[in-house]
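Attaching a single structure in C-alpha cells format; questions to follow.
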Amino acid sequence: MLVARRLDEEAIALQRQGVFPAYAPAKGQEAAQVGSAAALDLNRDFAFPGYRDIGAAVAMGVDLVAYLATHLNTWHGGLYDPRTSRLAPINAVVGGPVTHAVGWAMGAKLDQTGGAAISYFGDGASSQGDVHEAMNFAGVYQLPVVFFCQNNGWAISVPTERQVAGGSVAARAAGYGIEGHRVDGNDVVAVFEATRAALDRARDGGGPTVIEAMTYRVGPHSTSDDPGRYRTLEDEQAWTDRDPLAVAAKQLSADDVAAAEEHAAAVVREIREGLQASAAPDAAELFSFVYREPTKALLEQQRAWKESLDA
Amino acid sequence: MPELSLQQALNLALQHACEDDDRVLVFGQDVGTLGGVFRVTDGLKAKFGDRVFDTPLAESAIMGTAVGLAMHGWRPVPEIQFDGFSYPALDQIVNQVARMHYRSRGVLNMPITLRLPSFGGIRAPEHHGESLEALFAHVPGLKVVSPSTPSEGYHLLRQAIADPDPVIFMEPKPRYWQREFFDPSEPVPPVPPGTSRVVRAGKHATLVAWGAMVARCLQVAELAAEDGVELEVVDLRWLKPIDVDGLAASVAKTRRAVVVHEAPLTAGLGAEVSALVTERCFGDLRAPVQRVTGFDVPYPSGALEDEYLPSADRILTAVQTTLEYRRG
Amino acid sequence: MLVARRLDEEAIALQRQGVFPAYAPAKGQEAAQVGSAAALDLNRDFAFPGYRDIGAAVAMGVDLVAYLATHLNTWHGGLYDPRTSRLAPINAVVGGPVTHAVGWAMGAKLDQTGGAAISYFGDGASSQGDVHEAMNFAGVYQLPVVFFCQNNGWAISVPTERQVAGGSVAARAAGYGIEGHRVDGNDVVAVFEATRAALDRARDGGGPTVIEAMTYRVGPHSTSDDPGRYRTLEDEQAWTDRDPLAVAAKQLSADDVAAAEEHAAAVVREIREGLQASAAPDAAELFSFVYREPTKALLEQQRAWKESLDA
Amino acid sequence: MPELSLQQALNLALQHACEDDDRVLVFGQDVGTLGGVFRVTDGLKAKFGDRVFDTPLAESAIMGTAVGLAMHGWRPVPEIQFDGFSYPALDQIVNQVARMHYRSRGVLNMPITLRLPSFGGIRAPEHHGESLEALFAHVPGLKVVSPSTPSEGYHLLRQAIADPDPVIFMEPKPRYWQREFFDPSEPVPPVPPGTSRVVRAGKHATLVAWGAMVARCLQVAELAAEDGVELEVVDLRWLKPIDVDGLAASVAKTRRAVVVHEAPLTAGLGAEVSALVTERCFGDLRAPVQRVTGFDVPYPSGALEDEYLPSADRILTAVQTTLEYRRG
C-alpha cells in the first residue's frame, strides 16, 4: 500500500516534470486495490484492470517500470507481460474489459483449473451496458469471476449519486441472483477478506460475486483535471481522516511503518532509475504486433515509411 | 462426391474444425439447441457438448467473452445472428478483438472467427440485409473474408478458424441453399489469406465482386458473352487483406474494371478497390474503374430490395460505359 | 384482445398463402399487450414497440393495414403515422428502442406535458446493455417511463432460465432504486391495472417502473421457426389453460363473447380487404426520406437508376 | 474583432444556438458542471440550466436518449467524450439516429448534432486519437463535417445544429487552442452542406484534407512554393456529402491530386475521394490520385504518434510522385 502511495506520488511528480504527459492518480484507493489483488492466487487467477489500478499491479508484483510505460507513452497497454504477470494489459475503455473477465472465467471453468478472474472497474463504468451484460452472463453460466467495483465517489466530474441509480452497485447483484457485498474500501483487511471469500466461493463453483469497495478518489481524475470545478476542498477533506494508509497504520507499530516507508522509498528509487533508463520505443515498432505475421500491405507501408525517413 | 449446400458445407467445416482442434468453441444466440437460425451449427451441440453453447441475447458480451476465452487459450468461433446486429458489438470488435494482440505486444493471441450471416436478397426484416465489409476492412488487426460457393465456404471457414488472427467471416445469406458437388476431404492447395480467384477468364473488362454478387457477375458475363464481350470475373474473397496483385494482373490484361457490391456507394469497399487498381494500373486503364453498388440509402424493405441491389442491367450498363469510354 | 388474436391468425394465414414473407405471431400475449396499451392516455403518452406487439397497436387504434405493411414488406417501420398514432415505428433491434422511451420521457418531463412513455421489450432483450443503460438513466433522472417486459418464456430457442440470470426482470428494478412488479401477463385486468398505476405514478413525478408480464409465446418465434427443435408439445400445452382469451372470457357473458367475435371478424375482414387493396410501394421511394432534402449525390444516383430502368 | 480559439468559437456557437432556439439541448459526460474535458461547453450549464446536463457514463444511452428527445421535438446536441468511445454507441447511431427519419417516412425528424472530439496528435491515451469519418460517411442518413479553423468551427457548428438531419461534428482536438481573429456576429454567405473551400490556390497539384491535416497541407504548400511548386489546398470540410464538383473543378485545373488523412489507409475516406476524383476527372488526371494517410495499424502510443500521422515529408514525397509520374 505504501509502495502504491509513494509510487503514485512519484508518478505525479514525474508528470509535473514533463516525463509523463499525463497520469491518473490512485491516491485514496490503495486499500481497495492492494487488498483485493493480494487475495489473488497468482498461479491460477487473473486480473483485468482499467487505467487507475496501479495498486493492484504493485500487489501482484508486476514489473512496475513496464507498467508505467503506458504513462511514458511508450506503449498503450504497458510493457509488462500480461501472461506471466496475470494482469491483462491496461485497458482504457470504461466498462469494456469487464466481459473479458467473464470470458476468461468461462475458459477457466471449461479447463477446470480452479482459477478465478477479477475485474476492476469504477462507479462510472457501472453505467455501461457491458457491465450489465457481463454480470448477466456470469450469472447464467455461474462463472468464477469477481466484479470488483471501486466506488470512489466520482466519474471525472459526475458524483456517484448522479451516476448510479439506486446508489449502490453491489445492490445490482441481487437482480442477477448473485452475491453482492459492500465493503469499506479504505480498510485493507476488510477488502482482502471480502475478496478472498469471493474468490474461494468462485473456485468452489459458487458463482460470481459483486464487491463494491467504498472509497474516494482523493486526487484529480487525471493530471489534466481540475476538481475545483466540481467539488470543494471540504468534500475532499472529509476523506482524509479515512485515508487507507492512516487506517492501516493504526494497526501497525511505528517501527513497522518506518520499515514500510524505507522499503517504499527503495522501490520508488529503483523504479525512478528504471524509468530514466527506459529506451524510447523503436519507431519501427509502429508496424509490429498488428497481426501474427504482417500482411503484404503492411510490409509495403513499412517500406515506404522507411524510404521517407531515409529521404 | 457429395452435393452440398453452402449451409451444409459450413456446418461440416465447423464440425471438422471442432474435431481437429479441441480448443475450438462455437457459441452465439440459438446456435446450440436450435442449430442456428440458418442451421449452420445444426448437430454440433449434440456432438461437442459444452464446446457448443447458446448465449444470452447480447452481442457485445458475446464478443467480449470471446476475447476472454482467447486469453485463456481457447479458439472461439462466435456467431452474431445477423449483419445489422454487429453494431452493439462494435466496440468489442474494434477496440478489443482487433487490438488485444497489439496491445499485449503479441503475447495474447486472438484467434477468433466471427461468423456473420451477411448481405441482402432474402426479403428479411430491417437490419437483416446489411453489408459491413467496408467498416471491418478499415480496422487494423482484423481480417475479412466472404465465400461465394459451398466449396469456398468450407475451405475458407477452415482457414479462418486456423488463422491466428481475428477473422470476420461474412456468410452470404442468399447462397446458403446453393448447392455444389465437391469433396471436402480432398486437400486443396494452400493459398495465403488475401488471395483472390479468377472464376471466369476474359479479356475485355474485369468484374470484381464477393459474396452473392459473384454469381450475379457470372450471369452478367454470360449475357455479355452473347454479344461477344468477354468479361473476366474475379472473386475477391478476402476483403482484408485485399489481393492487389491479383487485381492488377487481371486489369493489366483487360484494362478495364467494374467493382460490384451490395453496400452503399459512398465509402464502400468499391472505393478502396477503385483506388488500389488505379494506383497500380493507371497507365493500363482505358477508363476509370466503375462502381456498381447499393445506393446511399438504408437497406430497404423486401419490396424494394431488387431495385436496391446491383442488378444485371446496372452491371451491364457499367460494362458498356467502360468499354465505350473515351478520354474526355 | 379478440381482434388481436383473430388478426394474428389472419396474419399467419396470409403468410401461409405467400402474401406475407414472414410474420412473428403474438398468440398468447394478447392480454399483456392489449391490457398495457389500453392504459395509455393517447393524448399525451407514447409507446415504443418491438416487432411482436400487434396487440398494442390494436388497443391503441393504430391503422392496422398500415401496421401490417411491415410484414407485407412494403416499409420496415410500418406505414402508420407514428406521431398521430402515438406508436413509434416498428423496431427490429432487440433492446435498441428502450433508450428512446427514456429520451422521450425526458422530453416530456422538460416540456411538463404530463405524458409518459412505455417501452415494450422481451425477456431476451433484457440481456442487452441498452436496457440496463435505459433503466439507469431513467432512475438517475426520475423519468416518467414504464419498462414493460413481456416475459414470454423464450427468446427464439433460449428459455428464460438460461437468459435472465436471477430469473426475474422485475427484480432488476430494485438495483436501480425504481419500482418493479411482476404481473400475470395473461390476465388482462391485472396488466391494465398495473400499467395504469405505473403511468399514474410516472405522471406524478414518481419515476419509472419495471413491469414484468409473465406470459407465453404459444406460437413459433416467427413463421420460419420450428419450436419442435427446442421445446415439447407438453410445454406448449401447459399454457393453453392459461390462454388470456379463456381467462377473460370467464369474466364475460356468452353474449358478450359472441359479440366480440363478431366485431373481431368484421375488423379482420376489413383489414384483409385493406391489405388486398394495398398498392405495392412506388419504386422511386427507394430514394425517399433518407434526408429532409435529398443530397446531390442521391439525386444523381436516382437519375442513374431511372436511366437504367428506361434502358 | 476578437481573437478566438477553436474551443472558444465552438463554445460561442453552442451558446448562440441555445439562445436562438430554445429547443436546443446540450448533454453528455462531464459537459455540465465541468464544462467538458476540453471546456467546449464551459459556462453553458450556468446560462441554460436544465437544457445542459451531465449524463451517466453510457454512450449508447446518450445517443438513444437523443433519439427519444428528438421524437419529442427537441434539438439534441450530445457529446461523446472521445472519438474512440463512439463504438459503444454505434448501434444507436447507425440503426437508430440515421434511420428514424427514414423508418418513419419523414414523419419523425432527427435534428441531432453529435459533437465528437476527434483525430490524433495530442499524446493522449489509447482510443483518444481515432478518425472515424470513413465509417460515418458510409452510413446513409448521416451527414459528417469537420472544421479546420475557429471561424469554420463557429459557422459549421451553427449550421450543423440548424440542419434538420443528423450531423456528426468531428472537432479536431489538436486545433482546439489554435487562435484566429474573426467576428462571429458577422454574417457569412450561406453555403449548403457539402461545399468544400479552397484555402490556398495553386496550379500544379491539389491537396485535399480536413480537420487538423488542413494546416499541415498549408505548411506543405509553403514548403513546396519555395521550390516553385504551387499547390492548391482544398479543405473538404463536409465529409458527407462530399463536394465532388469542387474537387473536380480544382483537379481540372491542376490535373493532379493528393488526399491526406489521419485514419488508416485501407477503406479510409481517401479511397472515396480517389475514386470520385478519378471517376470525374479521368481524362484530366496526369497521375493516379495519391493517398497519404495513417498506416494500417492501431493508433499508436504518443511516442510513435508523429511517425503514424501524415508528415510534411510524406506529403511532399507524394507531391513529388504525382508531379514526376509518367504513364507506364
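Chains: A, B, C and D, in written order; residue numbering restarts at 1 for each.
In the analysis below, contacts are C-beta pairs under 8 Å (C-beta built on N, C-alpha and C of every residue); 3 or more make two chains touch, one makes a residue touch a chain.
By chain, UniProt protein names: B, D = Alpha-ketoacid dehydrogenase subunit beta.
Please read all numbers here as calculations on a predicted model, not as lab measurements.
Colleague: Using C-alpha centroids, which chain lies at the maximum separation from chain A?
Modeller: C
Colleague: Averaged over CA atoms, how far is the centre of chain B from the centre of chain D? Could you give it in whole Å?
Modeller: Averaging C-alpha atoms per chain gives centres 30 Å apart.
Colleague: Rounded to a whole Å, what is the gap between the Cα centroids of chain A and chain B?
Modeller: 38
Colleague: Find every residue in chain D that makes contact with two or more other chains and list them.
Modeller: Expected reply: 56, 58, 60-61, 84-85, 88, 91, 95, 102-103, 126-127, 140-141, 242, 266, 295-298.
Colleague: By the touch rule stated above, which residues of chain A touch at least two different other chains?
Modeller: Residues 75-77, 93, 96, 127-130, 133, 136-137, 140, 162-164, 290, 295, 297 of chain A touch two or more partner chains.
Colleague: Treating touching as the only link between chains, describe the layout with one word: line, ring, star, complete or other.
Modeller: Graph shape here is complete: every pair of chains touches.
Colleague: In the complex of these two chains, what residues of chain A are touching chain C?
Modeller: These residues of chain A touch chain C: 127-133, 135-140, 162-168, 171-178.
Colleague: Considering only the defined contacts, which chain B positions touch chain A in the complex?
Modeller: It comes out as residues 25, 50-51, 55-56, 58, 60-61, 63-74, 88, 91-92, 95-96, 100-109, 140-141, 143, 164-165, 193-194, 241-242, 244-245.
Colleague: Which chain C residues qualify as touching chain D in the complex?
Modeller: That would be residues 46, 75-77, 79, 81-83, 88-89, 91, 93, 96-108, 110-111, 117, 129-130, 133-134, 136-137, 140, 288-292, 295-297 of chain C.
Colleague: Residues of chain A touching chain D in their complex?
Modeller: Residues in contact with chain D: 21-22, 51, 70, 72-77, 92-96, 124-125, 127-130, 155-158, 162-164, 224-225, 229-230, 280-281, 283, 285-287, 290, 295, 297-298, 301-302, 305, 307-308, 311.
Colleague: Of all residues in chain D, which touch chain B in the complex?
Modeller: 60, 84-85, 87-88, 90-91, 94-95, 98-99, 102-103, 126-127, 134-135, 137-141, 240, 242, 263-264, 266-272, 274-276, 278-279, 282-285, 287-291, 295-298, 325, 327-328
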